[in-house]
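Multiple structures are listed underneath, in structure tokens.
One chain, chain A, appears in both complexes that follow, with chain B as partner in the first and chain C in the second.
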Partner chain A sequence: MQWEVVIGLEIHAQLATKSKIFSGASTAYGAAPNTQACAVDLGLPGVLPVLNKEAVRMAVKFGLANDCEITRRSVFARKNYFYPDLPKGYQISQFELPIVAKGHLEIELEDGSSKTVGITRAHLEEDAGKSLHEDFHGMTGIDLNRAGTPLLEIVSEPDMRSAKEAVAYMKKIHSLVQYLEICDGNMQEGSFRCDANVSVRLKGDEEFGTRTELKNINSFRFVERAINFEVERQIDVIEGGGAVVQETRLYDPDKGETRAMRSKEEAFDYRYFPDPDLLPVEIDDDYIESVRITLPELPNAKQQRFVTEYGIKPEDAATLTSSRVLADYYEATVKASEDAKLAANWVIGELLGALNKDGRELSDSPILPEMLGGIIIRIKDNTISGKIAKQVFTAMWEGEGDADSIIEAKGLKQVTDSGAIEKIIDEVLANNPKQIADYKAGKEKMLGFFVGQVMKASQGKANPGQVNQLLKQKLQE
Partner chain B sequence: MSLERSDVDKIAQLARLEIAENDVPEVARNLSNILDLVAQMDSVNTDDVEPMAHPLEMAQRLRDDVVTEKDRRDQFQTVAPQVENGLYLVPKVIE
Partner chain C sequence: MQNKTIAELSQSLQQGEFSSEELTRAYLDRIDKLDAQVNSYITVTADGALAAARAADEQRQAGQAGPLTGIPLAQKDIFCTEGVKTSCGSKMLDNFISPYDATVISKFKQAGAVMLGKTNMDEFAMGSSNETSFYGAVKNPWDLDAVPGGSSGGSAAVVAARLAPAATGTDTGGSIRQPAALCGITGLKPTYGRVSRYGMIAFASSLDQAGPMARTAEDCALMMNVMAGFDEKDSTSVDQAVPDYTTSLNDSIAGLKIGLPKEYFSEGLDNDVATAIEVAIAEYKKLGAEVVEISLPNTGLSVPAYYVVAPAECSSNLSRFDGVRFGHRCENPKDLTDLYKRSRGEGFGAEVKRRIMIGTYALSAGYYDAYYLKAQKVRQLISQDFKRAFEQVDVIIGPATPTVAFNLGEKTDDPVTMYLSDAYTIATNLAGLPGMSVPAGFVGKRPVGLQIIGNYFDEARLLNVAHQYQQTTDWHAQAPEAFK
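Let's look at the complex of A and B:
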């Protein structure tokens, strides 16, 4: 039997505001427990939520970047359930009239093709607090600093057909919200997390199968694994003669499996109703236009510009535009080095490689674009070879200074003085009479051996082009 | 519309209310009356009426994104039944 996988994602992006969505408490991460939970966040009697202007602007910005309809009159609703990390007994969210309605987004797949994924809606809501279940003599500790932090919940259409597509979509949204500067995208701190709705059906079927919802997945790797596990599980259930039960499931990253959390029968009955504490949010055309002009260049447009303006390969442009910080870094390196292609090679090859190896983020790279540009300039003016440049890069990574001071301190300046190179060549030739004989007997590939020996004797500093040329001359003598 | 005992139990459970066994029939009757009233209102033709989310004919005012609240944890926690290391302690909940 041929199965088709159907996936829709709900992504929660924490909006990068300074204060909470309905109160003037700080949203800064990592504060001591409950020091950023004010009377509104605690749901004390007599308080009134007042909506944060910036949260509205960020939601509209997201909508405009994805060709979404912006709702002119959106409404906040209470989603009722009892859980101690939600002291009011309800979460303020949006239900029938979300601020952002239908839109779409293009994703790129591994085979180079692209696909359009529908966005159903994106609504504003408040985050809940944190429950700590350990070490409180059988009780649960509650930290409400996160309660009231603004979230944008982005709901996709069930348009994805594999875990890989779901990951591509999630990565695209992740990159986009950072481009738009509406979310810091920090997945470790929970600023960006995702629920996946997964079902399977026989290929060609019109109707969707019964879906399960996988909750709170906070890494790209886990999304892929959780979905793949769930798909296999559902197919096994159906092929074994059973039926998939509509339920919420949790992914356990340690065991690599999903397990039932609550069934449809146990599902919360949220009894949504319009929140009487909040009036409808009105948005007019002027406002929308004022937000539209603040939209930055988006990833796809930037990628195309990199190809045409800098003449780099489309796949390199895709890598370099995968995040806004990386794209900015690249452009600063181009400016510093005045060589777009070398800059692309060095950023993608050495820099990303080194970051990856050290498990560092670009934002704490010890090498700034101007410094990397400094290495490239010295390659271009023949002060150092590409190979030596890698040594300079490594020293720079270790904090030994800028390109020129490293080249100076380590004596890495390329030898271009033909007299000096000839001297080394003569020594090498004198030490290898047998190889000379082989070369003269027609073994032309011995040239490579000599080049290698000369480079080694010069500690990599001889100019390779000159070495080649001079060696050929000498060997013909 | 008349609510069954099981409906009342479910609503009470969702609202975390305890209703004494012999009060259930009366609560069911009262709630049913409310639903009858809703049904009566529902029968009015509202085709040309805009849905109303709020009785006030105003739009939501927005506040600037500025941190205005100071840490008043100690004060707030004086009314909490139990606190430890700055956390509010509640009976154990685990999903």
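Let's look at the complex of A and C:
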């Protein structure tokens, strides 16, 4: 039997506002428990929410970047349920009238093709606090610092047909929210997380199969693993003669499996109703235009521009625009080096390689664009060869200074003095009479051997072009 | 001293007849001696009151006194008061000392008013007789066998018994006007959004509104000058200029168009109350007002609609009382469910539980459309009734309540009859309109209240209409025998 996988994602992006969505408390991460929770966040008797306008602006920005409809009159609703880290006993969210309605987004697949994924809606809501189950000896600690942090919940259509597509979509949104500067995208701190709705059906079927919801998956790797595990599980259930049960399942990254959390029957009745403490959010054309003009260049447009403006390969442009910080880094390097192609090679090849090897983020790269540009300038003006430049890069990565000081300190300056190069060539030729004979007998590729020997003897510092030229002359003598 | 109004006290203080400290002490003494009979205070803040009074006296000496400087007031225990127990009439909050002041409280502090204490009330403002309070029923100063009305029963009793010159109340379905009527005092529920709800413990957020309860319309105007206004901490408060409510009090009401809704004078209205209201209407005619009969055809739907909307909102508003962060927590909870069940089961009284259950049911999947949505539609209809009426008339007048105060215990076993005692006041809350109750006579020992309903933000006119009546009648000036 041929199965088709159907996936829809609900992504929670924490909006990068300074203060909370309904209070003036700070949203900064990592403070001591309950130090960033004011009376409103604690849900004290009598307190009232006041909407943070910045959160609205960010949601609209997201909507406009994805050709979504912006709801002119959206409404906050209360989602009622009891949990100790939910101070009011309800979460303020949006239900029937979300601020962002239908839109779509293009994702690129591994085979180079692209696909459109529908966005159903995106709504504003407040985050809950955290329950801390360790260190309290049979009790639970509550930290309400996160309570009231603004979230944008982005709901996709069930348009994805594999775990890889789901990951591509999630990565695209992840990049986009950072481009828009509405979310820091930090998955370790939970600023960007997702739930996946997964079902399977026989290829060709019109009806969707029964879905399960996989909760709180906080890395790209886990999304792929969780979905793949769940797909296999559902197929096994059906092929074993059973039926998939509609339920919420939790992914356990340690065991690599999903397990049932609560069934449809146990699902909460959230008793949504419009929050009487908040007025509907009214948005007019002028407001939408005022947000539209603040939209930055988006990834697809930037990729196009990199190809035409810098003459680099489309796949390199795609890599360089995969995040806004990387694209900015690249453009700063181009500016510093005045060589777009070399800059692309060095950013993609050396820099990303080194970051990846050390498991570092671009933001903590020890090499700044101006420094990388400094290396490229010295390649271009023949101060160093490309090979030596890699040594300079490594030294720079270790924090040994800028290109010129490293070249100076390590004596890596390329030798361009013909006399000095000739001297080395003479020594090499004198030590290899047999190879000269071979060359003269017609084995022209021996030239490479001689170049290598000369470069080695010069510790890589001889100018390779000059070495080539002088060697040819000498061998003809 | 205790029979003076705020306006008179303000003058006496200014003329140095007595200091605020002396005045405050006199009230504290009265409370000490007399409150046991009515049970109108939950907390008396004697030390804080005397300190505030002394500060007010200094302010006056410095020549910085305003109309409310040094005036003692009682605050309904629904308003959060920093460092002072704020119980909302519930065991749930018996241990709750608020860490902050409600906006209304800080405004009175800024105006130099002195808080005598926190008044008794129906638990979480749910009740029409003040019998649901965890702190025991309040008694009507006019007749100690009668209820004072609710939920602001303590505030009404305090004013009637001369245990404070005036008090604050809140009104979700009549909770200022009904007790004001039953205790023979003057109370105003302002337009929804006129007074900040920040720090006022929510019962039904779309209906709750704070207002003054005093002996005269003039005193209500003085208090409104402090209470009213936009508050950035309350998104539902309205950013509209606040007039000086005292300046129009003496305007003539000749030519005023008064509407009498026939639905407020039909079945269910006590004959003696009807007679008193007719006498009051005759008084208005003498003052030059024109009286026309009008119809508010959806009046009969207001109680049922209210008892869906208010419980629905309260079921959600009261979820925060879960024993986790503040308030009552049960002993030795076994687990989380046990903590919730016992903390809430022990902390809330029967009426609160009843309304949480009604509201939870009304909002449940499958019932939402039939109850909550339908009730919202009824609200629209009721608002339209009033809108049409105010195209015809300036104010609407009728009885505030169908009967005078009933006996303690009389309706406690019959919630629906109890709910109907708010039949004339609830519609204005559903529409968000301002309404007043003004003393208009007695049936036996028990006072009758005349209700005046105005258009949105027309509080100044209501106060004017009430004040003019109080210039030619003296019902508002009478005091119960035991508290003279």
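Definition applied: the second predicted complex is superposed on the first by the 477 of 477 C-alpha atoms of A that agree within 3 Å, B and C clash if a C-alpha of one lies under 4 Å from a C-alpha of the other, contacts with A are read in each partner's own complex, and residues count from 1 in each chain.
Simple rule for what comes next: a contact is a pair of C-beta atoms (placed from the backbone, for glycine too) under 8 Å apart; a residue touches a chain by one contact, two chains touch by 3 or more.
The structure presented is a predicted model; accordingly, all values stated were derived computationally and were not measured.
A.B. asks: Contacts for A:61 in the overlay, against chain B (first) and chain C (second): which applies, first, second, both or neither?
C.D. replies: neither
A.B. asks: Kindly classify A:193 by the partners it touches after superposition: chain B alone (first), chain C alone (second), both, or neither?
C.D. replies: A:193: touches no partner chain.
A.B. asks: Counting only touches as set out at the top, which of chain B and chain C does A:50 meet: first, second, both, neither?
C.D. replies: A:50: touches chain B and chain C.
A.B. asks: Pick one for A:78: touches chain B only (first), chain C only (second), both, or neither.
C.D. replies: second
A.B. asks: In the superposed arrangement, does A:271 touch chain B (first), chain C (second), both or neither?
C.D. replies: both
A.B. asks: Touch test for A:378: chain B only (first), chain C only (second), both, or neither?
C.D. replies: In the superposed model, A:378 contacts neither chain B nor chain C.
A.B. asks: In the three-chain superposition, say which chain, chain B or chain C, touches more residues of chain A.
C.D. replies: Answer, by number of touched residues of chain A: B.
A.B. asks: Check the residue A:90 against both partner chains and state whether it touches chain B (first), chain C (second), both, or neither.
C.D. replies: second
A.B. asks: Would you please give the residues of chain A that touch chain B in one complex and also touch chain C in the other complex?
C.D. replies: 39, 42, 44, 50-51, 80, 82, 84, 140, 142, 269, 271, 276, 278-279
A.B. asks: With touch defined as at the start, can you tell me which chain A residues reach chain C in the complex?
C.D. replies: 39, 42-51, 78, 80, 82, 84, 87-90, 140, 142, 269, 271-273, 276-279
A.B. asks: Which of the residues in chain A come into contact with chain B in the complex?
C.D. replies: Listed in rising order, the residues of chain A that touch chain B are 17-19, 23-26, 32-39, 42, 44, 50-56, 73, 75, 80, 82-84, 97, 131-133, 136, 138-144, 261-262, 269, 271, 274, 276, 278-282.
A.B. asks: Can you tell me which positions in chain C touch chain A when the two form their complex?
C.D. replies: 79-80, 86, 88, 93, 96, 98-100, 102, 197-202, 204-206, 232-236, 312-313, 315-316, 318-322, 324-326, 336, 340, 360, 363-365, 368, 372
A.B. asks: Considering the complex alone, what residue numbers of chain B touch chain A?
C.D. replies: 10, 14, 16, 53-54, 56, 58-69, 71-73, 76-77, 82, 84-95
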